Every structure is written in structure tokens, then in C-alpha cells.
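One structure coming up, written as C-alpha cells, with questions to follow.
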Amino acid sequence: MEYTAKSIADLLSGQVIGNPNEKVITISKIQEAKSGSLSFLANPAYENYLYSTSASVVLINKDSVPDKKVTPTLIVVDDAYKAFAILVDIYQKLRNIDRVGIEEIAFVSKSAILGNEVFIGSFSYVATNASIGDKVKIYPQVYIGENVQIGDNTIIYPGVKIYQDCIIGKNCIIHSGTVIGGDGFGFAPQKDGTFLKIHQIGNVIIEDDVEIGSNASIDRATLGATVIKKGVKLDNLIQIAHNVEIGENTVIAAQTGVAGSTKIGKNCLIGGQAGFVGHVKIANNTNVGAQAGVVKAVTKEKTTLLGSPAFELSKFHRSYSVFKNLPDFRNDIIELKNELEKLKQKL
Amino acid sequence: MEYTAKSIADLLSGQVIGNPNEKVITISKIQEAKSGSLSFLANPAYENYLYSTSASVVLINKDSVPDKKVTPTLIVVDDAYKAFAILVDIYQKLRNIDRVGIEEIAFVSKSAILGNEVFIGSFSYVATNASIGDKVKIYPQVYIGENVQIGDNTIIYPGVKIYQDCIIGKNCIIHSGTVIGGDGFGFAPQKDGTFLKIHQIGNVIIEDDVEIGSNASIDRATLGATVIKKGVKLDNLIQIAHNVEIGENTVIAAQTGVAGSTKIGKNCLIGGQAGFVGHVKIANNTNVGAQAGVVKAVTKEKTTLLGSPAFELSKFHRSYSVFKNLPDFRNDIIELKNELEKLKQKL
Amino acid sequence: MEYTAKSIADLLSGQVIGNPNEKVITISKIQEAKSGSLSFLANPAYENYLYSTSASVVLINKDSVPDKKVTPTLIVVDDAYKAFAILVDIYQKLRNIDRVGIEEIAFVSKSAILGNEVFIGSFSYVATNASIGDKVKIYPQVYIGENVQIGDNTIIYPGVKIYQDCIIGKNCIIHSGTVIGGDGFGFAPQKDGTFLKIHQIGNVIIEDDVEIGSNASIDRATLGATVIKKGVKLDNLIQIAHNVEIGENTVIAAQTGVAGSTKIGKNCLIGGQAGFVGHVKIANNTNVGAQAGVVKAVTKEKTTLLGSPAFELSKFHRSYSVFKNLPDFRNDIIELKNELEKLKQKL
């Protein structure tokens, strides 16, 4: 990727001050930019960086153009931040736009159905009866099991593994190393202390507009489906057990785990490293703090939880502030006992 | 997979009521079943679903056959739940039964020894001197390092990585993304603040009948072996450090971590996101709650632990119930002080 | 690998007592050694194992040679532990020394630049403009994205995924399943409850001498870089969010997570399953205990933290020791109240 200041200015209907042939090959923050970088100045607090930056080209607001001459070439626009966001969006789209076709050393079953403009990278495996929507990008080393369905425009990054029968919606993004549809963790204890595997014959259904980070594990249902609803965003290294349901537009931070059959509502915000016990229902708009352990149902919407086991956040903070001073309170109790004893003896 | 009600009834020695040619293509819960599903009715509490279900075929107990006509075709058996379990078992076996042979684009070293009826999927790599038992199924994109041994009937799902010299038993199941035999985390601190790698030249030994979930990490020993004993079940995203030993039939839930050289006994039940300090011994039949942090040895069998650091579960619950009311107790202490002061002045 | 006692003695300038043609094929602890093993005796406390071991060859200090005859062949050296360490080092190097060249079924872009003596395993993918240093070992099933740079002598184990534009230093080791450069977790909330993806166009920079365990996730920056400085050691299943910086020679144990934009200083020691809130700065030489939750900046060096939320370790321990006895203190308070009441009535 190599662009001139002029070509970018034309794209953004901006004006060039400086060398219109100045070339950029990457995008950086103004305070970190090196030669060849395109940066932007939107926040006046960063204005002094304009005089020290090594950026080759800087997007700048009309009313921020400096009187003095500066080293970088400037592109003057109405809203530098918005202009930058537009460029970033184009940049991202360009990354994937040329990814069409099946690379030479991929395996695609003859019974698989492929949409238009699909990309399938080398060393990826698409099993029998899989169905891949239009413009889906499957990077190298991905496994798509039997009967898997993937909706239009979804991006599957290198090394994702999707077991048989799972269904992925449209406009989803799944990052490397994530496993969808591994067996739920179900075993029946036997009299001799061993465990008998309970076959997990359900699947995973991921609805539209879901993004899942890297190295997450989403298990298939015992029977029925583990369901990730429309618009959910899951971070890296998350554990979703069998028969769990995550409601629309809920966001879960990294390393959180949800045990079997728990249903989390819509629009919840869940911090990192939190845990949910199995078989409970969590109301819509619940907020759960990092490292919290949710051990029972949440029935009231907009509840905010912290602690392990978790309870109402402001109450947790009050208890925890006393916890920090517990040695003092213990000493107070000892002293109170002594004083009371003295009083009793006086009477 | 497509079966008729009659073919299933014959298999189960059951009787068809309805259309013997009714076809099923999948298996579902009666309350979620769609057309084409086979379901079962074993629990009388679910009887009303018989009248509303869209299942095509329902397995039913002799004594539960309804008087009224129902939409689905029924198969009458002695024990509907057991009959269903038999079908699920067959269904699972059929999934793997046709997986025999080496797919075209796999790499198998000439020095590797393969048993009978082995399956090796595309893009899998079997290194020099690896030994693969009878009926082992190695899905695509698996890495089997030098000298690795895998016992009969073991299933290795897509993308598992097994480093050199590790030994896997018979009848094991290892899910996608799991890494077995990565280097233990051992470094010798140097005077200049840097760390020198301590080579990890041991291996991992996984005994028979072990199941390991997806994206787990089981490190090789520094010297000797990290050992997962017979019948152990490990969930997803679990960390097992170097030289750890997990006793027979112990079950560990997702995202738990066990630090180096700790030995966990037999028949333990460990919750999710728990942690174990290194170099301790945990007695047989220990139960550890979710998110607990076990920081010392457990010498007494049947101990139950919770909290971080963990102590006896019922004691933890008692302390935690006071913790929730700590602000009240702090106020009590303040009030006691005041009242005592008043009393002292009175005297 | 098969060596004779004599060939090893020659290498170490040691003397053989016993059969110079005794063969060894592996390396083991003296207490666990089987026939064919090379072991060492450095600690006098283990001397009695010399009489019971099945090791074929044992390295021994000059001053520890036994008077009696023993079964294993001995190699007498000045420092048995040091001699053993030298052998382990050679053993490790031999493992990789023959790994040179590109295996047949790998994909390497024509525009990729490869150094001397590079190894690239089967089913690995090296994308356009990637640059691979001298003696780099890329095991099978690795993904190296566009423009990725990898420094000399770095080892990338099977199945690692490195997204476009990331930079890896010299002498690094990255274990299987680790994902470098996945998108940071950034979404802008919209009025209708949905979230808009914020493109993550920065990269990850990993400096020299870094080791990263298996199944870790290190996200690319939104803009700029996520930076892992020289000499850092990261264990398995670690989460490093976008724009995080980890200082030189900091060591982090398994399953810890660091939220976005947090900067951890140099020479820190971080326990397992710890968590760090985003956007804070952690001073050099900070120690953080396992399962701690660091929720604010650490400004003073050599601080030691524990608890969730974390505070000074010794204070945490004092509070926690009271926590364990909280039911007793509650009873004390109740009793104090009663006694005080009695006193008041007396007056």
C-alpha cells in the first residue's frame, strides 16, 4: 500500500498544504509516527506534536492550521478525526477485498456449497455438506466440519475450528484459534468412580453480527443448541459451556467462563475473568465486574455485581473497604472487651 | 443420515404407531423439535409436549401411549430414555465409523508406525517414529511430534498439537486447539535481571480413557513426566504445568490452572477457574469450588475448599456471610465505643 | 538418538567406570530412570538412588564415587550437575539442528524474504512480504501474515498464528496455539444497543529473547503497537489486550490477563490467573500474587500486591486472617452489645 498526499486529499475532498507527492505507507498516532506515516490532529491538546512528529502527512481541521511552517505535508479537512476514520475503514476493506477464490492446497468437499466471491485459504478443510455464504473469507488452516453453515460476509481467521452441524450467521468475525462446537463437558458418574461420556449431539448457533476473539471455546449442546445471539461480542480465551445462551448485544471481556445451561440476557456488560455458575438466568442489562463469580440467578434488570461469590457492586465495595481495615476492627473488639471487663469490675 | 420410523423401530424392537415411512434426519428435545426430528418422551412432566411438538417421530414408553391421536409417529418401547441413549450412541459411532484411511494431503513420516483402520485427515503431520494405535482417528490439521505414541481408539480432533515424546493412552478424546507437551515455564534468574531458559526435556503421559476439552495447555516435564492418570476428564482452557500429576478419575472444570509439580489425588472434583499453587499434594476425593485458590497441601481426604486463598467450604460461607454485612458490624463497633464512653463518664 | 558412555565421557572430559559401550537413548532423573537412561548424581541426599537406579549411565562428581561396585556405568566429572546441563543443552540443539529447508507442502509467498538455514514445516503459510531471519524454525501449520518480520534464531512451534504487520524479535520462542495480532476488543456503543467495530490497525511488536507459552492471545493495537519488551517470559493461556506494554524481563504466569493500554514495568513478577484493569501504569519490580485483581496504578517500585481488588500483600494477609474468623468476631460484637445492655440497666 502506497499513496500520495494528493490521492488521499482527493478522496477526502481536502486541500494539500506542502508536497502533494509525499508518500505514505502506513497509519500511526501523531506522537509515534515515523516517516511514511499518515497521522491526524483532532485534539488541540496534541497540537505541539505537529512540530515534532516525523509523520509524512497529517490530516488537520480547518481551524487548526498552524501559522508557522511545519515539516509534514498537511491535508486540511472539515473533521480530521472523521476523515481518519473513513481512511481506516477503507484500509481495512482493502485488506480483504482481493481475497477471493480457493487457494491451491485447500480441501473443499464436492458436496460443499460455496457462495459468490468466497475466499478459502491454503490448508483449510471444508467438509461434506458445508454451506458457505457469499463473500465469506476463510483464512488458511481453518476446519469447517460436516453440515456447517456460514452466512454471508463472515470472516474466519487462520486456524479456527468449527465442528459438524454448527451454524454461523452473517457479518460475523471469528479470530484465530477459537473452537466452536467441541463437546460439552458432560459425564455420568459410575459406581466404580469412573465417568461415562454423555454424547453431545446438539450444535452451536451463532447469529448475525457476532465477533469472537482468539482462542475462545464454545461448546456444542448436549441436545438442542448453544446460542450466541445477534450482535454479541466475545473477547479472547472465553469459555462458553454446552446449552448456554448469550442474549443480543451482550459484551463479554476476556477469560470469562459461563457454565452449562446458563442464559445471559440482552445488553449485558461482563468484565474479564468473571465466572457464571450453570443453570441460572441472568436478567437483561446486568453488569458484572471483572473476576466476579456469579453463583445465582439475577432476576432484576440493571443489576451490577462484584465479588466471588458476587453481590451488588456498591455493597461489595462497602464491605471490601471494611475488609481492608479488619485488623483495626479486631483490635477495637479486643479493646472493647477489656474495657467492658474493667467496667464490670468497677460495678 | 436419513432413517425411517420403521428402521428405527426394528433396531429397538419397538412398535410403530403412525406412518412407518416417516423420515428423520436429526435428534432433538421434544420441546424444541422441528419436522424431521426424532425425539423421546420419558418424563411424564413433558407429556403435554406430545400434543404440540413438531417432531416427526417420538420414542415413548409402553405405559405412556396416549389415547388420543397425535401428530408425530410414535415408536413404543419398554424404556424410551434408554432407547434414545442407544440411538445417540449409534449416531455418534456412525459419525466416526467411515473415517478410515489417510487423506490425500497429509504428511506421515515413513518411520511412523500406523495401526489398523487408522484415519489421518488432510494437513495433519505425523513426525518420525510416531506410533499410532488401531482405529485411532486423527482429524485434519493435527500435529503429532517425533516419537509420540497414541493408543488404540483414541480420537484427536482438528488442530490438536502434540509435541515430541509424549504418550497418549487408549480410548482418549482430545479436542481442538489443545496443546500437549509445550515447554514447562522454567527460567533461572540471572544477576543482570534476565532469565535463562531451563530446558524442558521430560514429556507428558496421558493414560487411558482421558478426555481433554478444547484449547487446554498441558506442559511437558522439566525432567520425568507430567502425568494425567486413567479416567481423568479435563474441560476447556485448562492449564496443567510441568511435572503436575492428576490422579485417576479426577474431573476438572474449565479455565482451572495447576502450577508446577503439584500432585492432585484420585476422584477429586475441581470447579472452574480454580487455581493450585505449585509443589503441593492434594488428597484423594478433594472438592474444590469454582474460583478457589488452593495455596497449600490438602492432607485429609474428602476436604471441600472455597475462597482465595481457599479454606474449608462451610467455614468460608460463614465468613463470607459476615463479610456481606461488614459495614453494619463496623457501625456496631463504633456505636459500642460511643456507648462505652458514655458509661465510663457516668461512673 | 543413541550414544555410548565413552562418547559422552569424551565430550565432557570425564572418566568412565564400568562399560564404555553402555548405550543411552534418553535423559532421566536418577530416581525415575529406566534402562537406557543417562542420569546424574549431584546432590548427596540422592546418593542411595545410585544403588537402586535402573539408569544405564550416571554422571557423578569426583568426590562422590562410591567404594562399592554399582550397576550403572559411571562417568566421573568435576561438576555432575553442570555436565548434565551441558548435555541437555546439546540435546535440545540437536532436536532443531537438522530442521533446515522448506518442507514440500508449505506455502511461501514469492515476495517473502527468507534468511539462511530457515526451516518451514508442512502446511505452514508465509504470506506476501513476510521477512524471516536466519536460522528461524517455523514448525508445521503456522500462519505468518503479510509483512510480518521474524528475527534470527526464533522458533515458532506448530499452529502459531501471527496476523499481518506484526514484528517478532531475535531468539524468541513461541509455543503452539498462540495467536499474535488478533484484533483488539474495541467497539463503540450505538444508540440502538448495538456495537460498531473500531478497526484495529496497529500491530504487535515482540522484542528479542521473549518466550511465550501455548494458547496465549496477544492483540494488535488500535493504533500504534502492543509491545512485549526484551526478555519478557509469558506462560500459557495469557491475555494481552490492545496497546498494552510489558516491560523488560517481566515474567507472567499462566492464565493472567492484562486489559487494554495498561503499561507494566520492568522486572515484574506476576502470578497466575491475575488480572489488570486497563489504562494504568504498573511500576518496575512490582510483584503480583496469583488471582490478584489490580484495579489501579502502582506508582511505587517493589510493591507487592494480593487480593481482588488487590492491595499490599502483607496487609491483605492480615485482613484475610481476620476474615477467616469473622463469625467469632460477629459473636463477640453480639455479646458485647448484650453485656453493655445489662450494664446500662444496672446503672
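Which chain is which? They are A, B and C, in the order written, and residues in each are numbered from 1.
Keep in mind that, in the parts below, a residue touches a chain if its C-beta (ideal position, glycine included) is under 8 Å from a C-beta of that chain, and two chains touch if they have at least 3 such contacts.
As the structure is a computational prediction, the values presented were derived from the model and not from experiment.
The angle of the rotation superposing subunit A on subunit B, based on CA atoms and rounded to the nearest 5, is 120 degrees.
Homomeric contact subunit A/subunit C is classed as different-residue, with under half of its interface positions used by both copies. Put simply, the C-alpha centre of subunit A and that of subunit C have 25 angstrom between them.
Residue positions of subunit C with contacts to 2 or more other chains are 105, 123, 141, 159, 177, 215, 237, 255, 273, 291, 308, 323, 326, 329, 333, 336, 340, 343, 347.
Contact residues on subunit A toward subunit B in their complex (touch as defined above): 105, 107, 123, 125, 141, 143, 145, 159, 161, 163-164, 177-179, 182-183, 185, 187, 193-195, 197, 199, 201, 215-217, 219, 223-224, 237, 239, 241, 255, 257, 259, 273, 275, 277, 291, 293, 295, 308-309, 311, 315, 318-319, 322-323, 326, 329, 332-333, 336, 339-340, 343, 346-347. By the touch criterion stated above, subunit A contacts subunit C in their complex at residues 27-29, 32, 88-89, 91-92, 95, 103, 105, 121-123, 139-141, 157-159, 173, 175-177, 209, 211, 213-215, 231, 233, 235-237, 248-249, 251, 253-255, 266-267, 272-273, 290-291, 308, 320, 323-327, 329-330, 333, 336-337, 340, 343-344, 347.
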